[in-house]
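Consider the two complexes below, in which chain A is the common component and chain B and chain C are the respective partners.
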Partner chain A sequence: MHRSLLTRPTVSLLLGVSIVPTTAGLIAALWFGLDAGALARVIATPGIGLSIGSSLWTGCIATAVALLLAHLAVGLAASGNWRRRLNSLVLPLLAMPHLAIGIGLALVLAPSGVLLRLLSPWATGFELPPDWLIVNDTGGISLIAGLVLKETCFLVIALAAALAQVPAEKLQAQSATLGYGPLKGWLAAIAPALQQQIRLPLAAVLVFGITNVEMAIPLGPGLPPTFSVLLWRWFTDPDPAIHAQAYAGTLVLLVFSVAAIAVAGGLGRLGRKCLIASAQSGQRRAAETAVRRAFGGFLIVGWALGALSIIAIGLRAIAGPWRFPTLLPTSRSFTTLQDIASLTAGVGATTLALAGATALVGIALVLPAAEHCRQSVTARRQVGAWLFLPLLVPQMTFLFGVQVLLVRLDIDGTFVAVLWSHLIFALPYLWGILAPARAAIDPRYEQVAATLGVTRSVTWLTVTAPLLARSMLLALALAFSVSVALYLPTLFAGAGRVATAATEAAAAAGSGNLRLAAAHAILLAVIPLAAFAAAFTGGAALFRQRRGVPR
Partner chain B sequence: MQARRRTPGVVVALLAAVVFASYGKAQTQDWDAVVDEARGQTVYFNAWGGDLAINRYIEWAAARVREEYGVELRHVRVTDVAESVTRIIAERTAGRASGGSVDLLWINGENFAALKRAGLLFGPWAMQMPNATRVNWQGNPSTMTDGSLATDGFELPWGTAALTFFFDAARVEVAPKNPDELLAWIERHPGRFSYPQPPSFLGSAFLKQMLLALSETKQRFDAPVADDFDALTLPLWRWLDRAHKSMWRRGRLFPQSGPAQRDLLAIGELDWMLSYNPAEASRAIRQGEMHAGIGALYFDAGALANSHFLAIPYNSGATAGARVVANFLASPEAQARKADERYWGDPTVLDLDSLGADEHAYFDVLDIGPATPPPAKRFLAEPHPSWTTRLEQTWLERYVR
Partner chain C sequence: MNALVLEQVTLRISDSALFAPLNLRVEPGAVTSVVGPSGSGKSSLLKFLCGILPPDIDAAGKVRMGEEDLSALPPQSRRLGLLFQDPLLFPHLDVAGNVLFGMRAGGARRERQQRAADALTSVGLEGLGRRDPATLSGGQQARVALLRVLLAEPRALLLDEPFRSLDDDNRERVRELVFAQARRRGLPTLLVTHDQSDVDAAGGPVVELQASA
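Right, the complex of A and B next:
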């Protein structure tokens, strides 16, 4: 049944929008990237081993730590009845783009950052910032910290969504009657089932971790940088020979990403076995309270870092000379405030227009397809998996192919081209929210409408749409924040002519101009937060007079 | 100013003079035609967008050319003009020979060399600009040879400067006059000196400045690199090996660019910064981005001189508009505003003695700040570009570990 569903025009249009450019881009990337000479030069680059090594190390460790923390968070929350609170803790951090968090963390953690200013000179005695290699450290620890902060939030949401597919409460109750504590019960009975459900989001996190530039630019090692940042530098080099190197390099990136996914898959199976073995051992440890406390502390630290990041961005953007160790900028230049306003006005408008268009077009593409797939879980899952595929390919690899194709078609640098590239990244999330929401609506509402002689479109508008309203608002906000955060797609499809908060912030962070970066990071942080706040307020307002209506 | 031996520059200057003298009238008519054609055109100006003041200056210029010539100037803010060079090359690869995405470039050095060698530039056009007659071709040879490569009229000088060392005067009591004195200061103040990471623009400039300051025979560097590279650069690597041990983050991390280093000086992580713009510190102080008490110095051996230019890609669809904009940017009005530290503070390329009284008046009211050094007494010529490439490569091989 689902096979015929996939050929429906609405569904194939949705899939085509995402799959066609991705595939074409990949083919173009292979076509232009397979060059033995360039590949040899990539390998001969000074420090290339370290570069690739630090990409793999930071991406893999960050993913592993984030996964562990996310499982702990969801497990503890589910057993401690604070699932809803966990969501509200996680969502603001999730909404903040990687680039904004990265810039913010750099401003917090650096030796001249907010954290040491809080302690200096009264506790540390530092009158000058200490010469410590904390941010941009060779070991990539600060980059890992940044990635963990963001990806834990993402995985918490993914796990929470997967939880709906698993009879969690039943399993939990069973394990409790067997005398397991809530955490052990969670790990033994529920986590393995959830893990199956979040394989795709997890793979996406891994690929992003290994290949991202958004966090690696502000936080990653500098000498040498991670492999993706090295490629990003090559892409912007005037020498065509080095350019060919960047093309070939994206294929190396692809190979390493695929290999990492394969290895992670193997490790996942191994981990499952270990969990099951540990369950079968029958041991019931009593250390759960300690774990719970430690983890609570962890959450608070993470959240405090996130909040401090936002504050630091704001301070840095408006600060005049902000000498260490003064905590608050002593002077604030009004020219700077005016500069920020005039600089960000145009950029903000473009960012908002793109985000709005992405959200609306995305919803328009997703809703009809979700309508067709409402009765088939398998079809929904298949469509979801297809839409997710672009997130499993390193962005640079297919985007550079897409760029070449766009130039050939003479539509590079247009709004539509950038919008399309944003849709590729927004659709999987829109589908993830709207398809299950549509399927969850009890068909009897529509049946009742039909017996009253109402046409299908009127039924949809008057019955289905209002029931979907809240999900639609959330989907809008999510698509909005995905679009705002996208850097590489905007850069490649926009031909450098479409300036958004992300491109400007990345450009400034790339040249190390943190003040300018902070000015744009304010936009990056504020727009998604405002979108989510609006969605939640809107949703609450809509349902204030409809208590008891299924949401 | 040090005597320069670049005959091509002089030849071009003489040729230009002949051209101006004999075709003066035809020139005017040609120019009128260009101005007519330019009206209504949109010029995409790909220029580094990392500096607020520069961005605002370009906004001002856009308003002026709109009002004066009906040309729509759009500033495409790039991180590095190399991105635009990449685009132009990509467009050639894709077969787009007209209607390209870039109409005007802020460019110099290797980026210019890459485009010129690949034949991807429109022109020659610069010598036919009415304002080209006012450029200080002879007094400032770096307007004529861009990193040892003759510009041949494919780019018009837009600004010129000398590599300046800025320092926190409260922490550097006696300004070092040569590399040895600088090294002594660095070793007395561990963790307080750094330079932008090569191959960034200013990082490579620092390597060249130090190489020249540490070398006896500076003329050798006008010619391409040869087998003597290792021997000639040995003093530089010795100096760096020692300095890195006492530098910021022990030489394991470097500021990513000039503005990044300025930021680090302003917040107190470093006591030094580098800039090609002698007015950089004064301007930063004036705009409330830097504390007062900044000093500036040039080495006794001389300051590395550098000009920057405007060029037009071969596939621009608005070459007339681009020329009109470039000519405006080289006008006394635009050059004076550019030199004014309230707006940008970048020294002019014009020969002020050649200006009429009304034109000169623009320059009589300039505002110069307290952290701006008096003009450099000696200029060091850029080494041949092959040196830059080799220095960057060797630096990476030595220090990326």
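Right, the complex of A and C next:
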């Protein structure tokens, strides 16, 4: 039954939009990247081992820590009846692009950053910024911190979605009456049941952690940089001879990512075994208060850091010269809003146009397919998994293949090419929201309409669409913020000629100009936040008098 | 064994009381039945006793185990065993794993497994330890859930219509098993039901929850 669903025109169109360019890009990447000479030059690059090592180290540690924190956050929130509040705490940070959080965190943690300004000179005695290597440290700690901050939020949402499939509240009540505290109850009774469901998002987090440049540029180690940043420098090098090296390098990146996924899969099975063994040991720890407090404190510090980075972006963007221990820039030196506006207006317009087009085209592609898959959970899962696959491949690897193909087709650097690349990354999230929401609508509403003599299309417009309206608003906002955040797809499909807030911010951060980076990062931060705020206020205003309309 | 004592217990949803203030003493080894129409707050009463009441219900009153006041304790420290309407076996653990989850800590792994196997045998589930709980019949699942609760060594047993989803045949057998275990262990037992045959089989005092005037 579901096999035939996948071949429905609407569903295969949706899948094709995502899979055809990804596959073609991967094949092209293999074709052009498999060059023994270039590979030899990649391997002979001084410091290459350290680069690859720090990519793997930062990506793997950040993923592990984020997974642990996300489980703790959701587990503790579930027992404390504040799961809804957790979601609203997490969403603003989730909506924030990696690049913006990365730039913001660099502004907070740097020796002359907001954090030390808060403590200086009264607590630290510093009148001058200390000579510390906090940001861009060789150990990659600040990069790990940034990744953990973002990916914990992502995994919290993934866990919350997976929770819908498990009678978690009842299971947790059951383990509480058996004498287990909320933490152990969660880890032993619920976490193992969720692991299977979040393995795709988890793999995506791992691959992103290892291969990202968005956070590694502002926060990652400098000498040598992470492997992905090294490749990014090669790609953006004016000397075309270096490009072959970058092509070959993306394949090395692919190999390491696949290996990391395989190892993580093994570790996941091991972890599951440990959790199950601990579930059967009967050990109870009634007093978890100390542990809970410690993790609660940890989560609050993390959230405060995130909030502080957003504030720091705003301050840095408007501040002129900003002498060290003063917390706020003096008003004399403010850059006027006009300056920022004139600097970012054109870029902002392109960013908005791309985001809007991505959201609208994406929803137009997803809705008809969701319509066809509404009765089959299996089909919805399969489509979801297919759409998710591009997130499991290092962006650089297939994007460079896509770019080569676009050049051959002579459509590189066009709006449509960039839009298409953004769709690839927005579709899995749109599907994740809209397909279940469509399926959750009681089919009897439409049957009632049909028995009243209303045609199917009118029924869709007058019954189904209004019931989906809130989910559509959320989906719009999500697609919007995904598109705004995309850096590498814009860079590659745009052939460097399409300038968005992300490309400008990354370029500025890459050249060390944090002030210019902050000016663009404001756009990166404000657009998604505004989109989500609009979606929520809009969603709350819709059908305010109707309690039965799904939220 | 101590009696489970309820003093002036009331539950309110948005300021309307579900039932008149309840005073109740559940004696060890006796099965006290609580009956009342659906929506009268029977299940919520048990959740209140366990400390797992959802936040939209306000509760007042005292719960004591002998002289010990339970009201201020977190759910995991109260040691009241609750059997839910559904068996709620953990889907990622096998049958023995579910039993072991309930069993108090202590003893070597091998020893614990032997105890779990013996317990399964004692309720007629010999050799089913490695099975996926989802492959068991309703009656078998109910028995596993009972073992899980009993091996946690509760001080009282709370039954939230645990026989409801069973067919007549299983219903009687599981019910007899549960009551027999409760009596043998001298557990104060509180049964919530709206089935008269449950009340008759329990044979203990009956409390009817009445809407407060």
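The criterion applied here is as follows: the second predicted complex is superposed on the first by the 541 of 551 C-alpha atoms of A that agree within 3 Å, B and C clash if a C-alpha of one lies under 4 Å from a C-alpha of the other, contacts with A are read in each partner's own complex, and residues count from 1 in each chain.
Criterion: contacts are C-beta pairs under 8 Å (C-beta built on N, C-alpha and C of every residue); 3 or more make two chains touch, one makes a residue touch a chain.
These numbers come from a predicted model, not from an experiment.
Student: If you count the residues of chain A that each partner touches, which comes out higher, chain B or chain C?
Tutor: Counting contacted residues of chain A, the larger count belongs to B.
Student: Looking at A:Y180 after the superposition, I want to know if it touches chain B, chain C, both of them or none. Which is it: first, second, both, neither?
Tutor: The answer is second: A:Y180 touches chain C but not chain B.
Student: Based on the superposed arrangement, let me know which partner A:G413 touches: chain B (first), chain C (second), both, or neither?
Tutor: Touch partner of A:G413: chain B, not chain C.
Student: Pick one for A:G453: touches chain B only (first), chain C only (second), both, or neither.
Tutor: Neither partner.
Student: Looking at the overlay, what does A:T236 touch: chain B (first), chain C (second), both, or neither?
Tutor: First partner only, chain B.
Student: Of the partners chain B and chain C, which touch A:F324 in the superposed model: first, second, both, neither?
Tutor: Only chain B; A:F324 stays clear of chain C.
Student: What residues on chain A touch chain B, complex-wise?
Tutor: Per the stated touch rule, the residues are 46-47, 50, 110-112, 128-129, 131, 133, 136, 138, 222-224, 235-240, 243, 320-324, 331-333, 335-336, 339, 342-343, 403-404, 407-408, 410, 412-413, 495-497, 499, 504, 507-508, 510-516.
Student: In their shared complex, at which residues does chain A touch chain C?
Tutor: 81, 166-167, 170-171, 173-182, 185, 188-189, 192-193, 272, 276, 279-284, 286
Student: Can you name the residues of chain C that touch chain A in the complex?
Tutor: On the chain C side, the touching residues are 47, 50-52, 54-55, 74-82, 84, 86, 88, 90-93, 96-97, 100-106, 109, 112, 148-149, 152, 154, 158.
Student: What residues of chain B sit close enough to touch chain A in their complex?
Tutor: Residues of chain B touching chain A: 44, 46, 49-50, 52, 55-56, 76-87, 89-91, 93-96, 101, 110-111, 114-115, 118, 190-192, 197, 248-250, 252-257, 259-261, 263-264, 266-269, 287-291, 396-397, 399-401.
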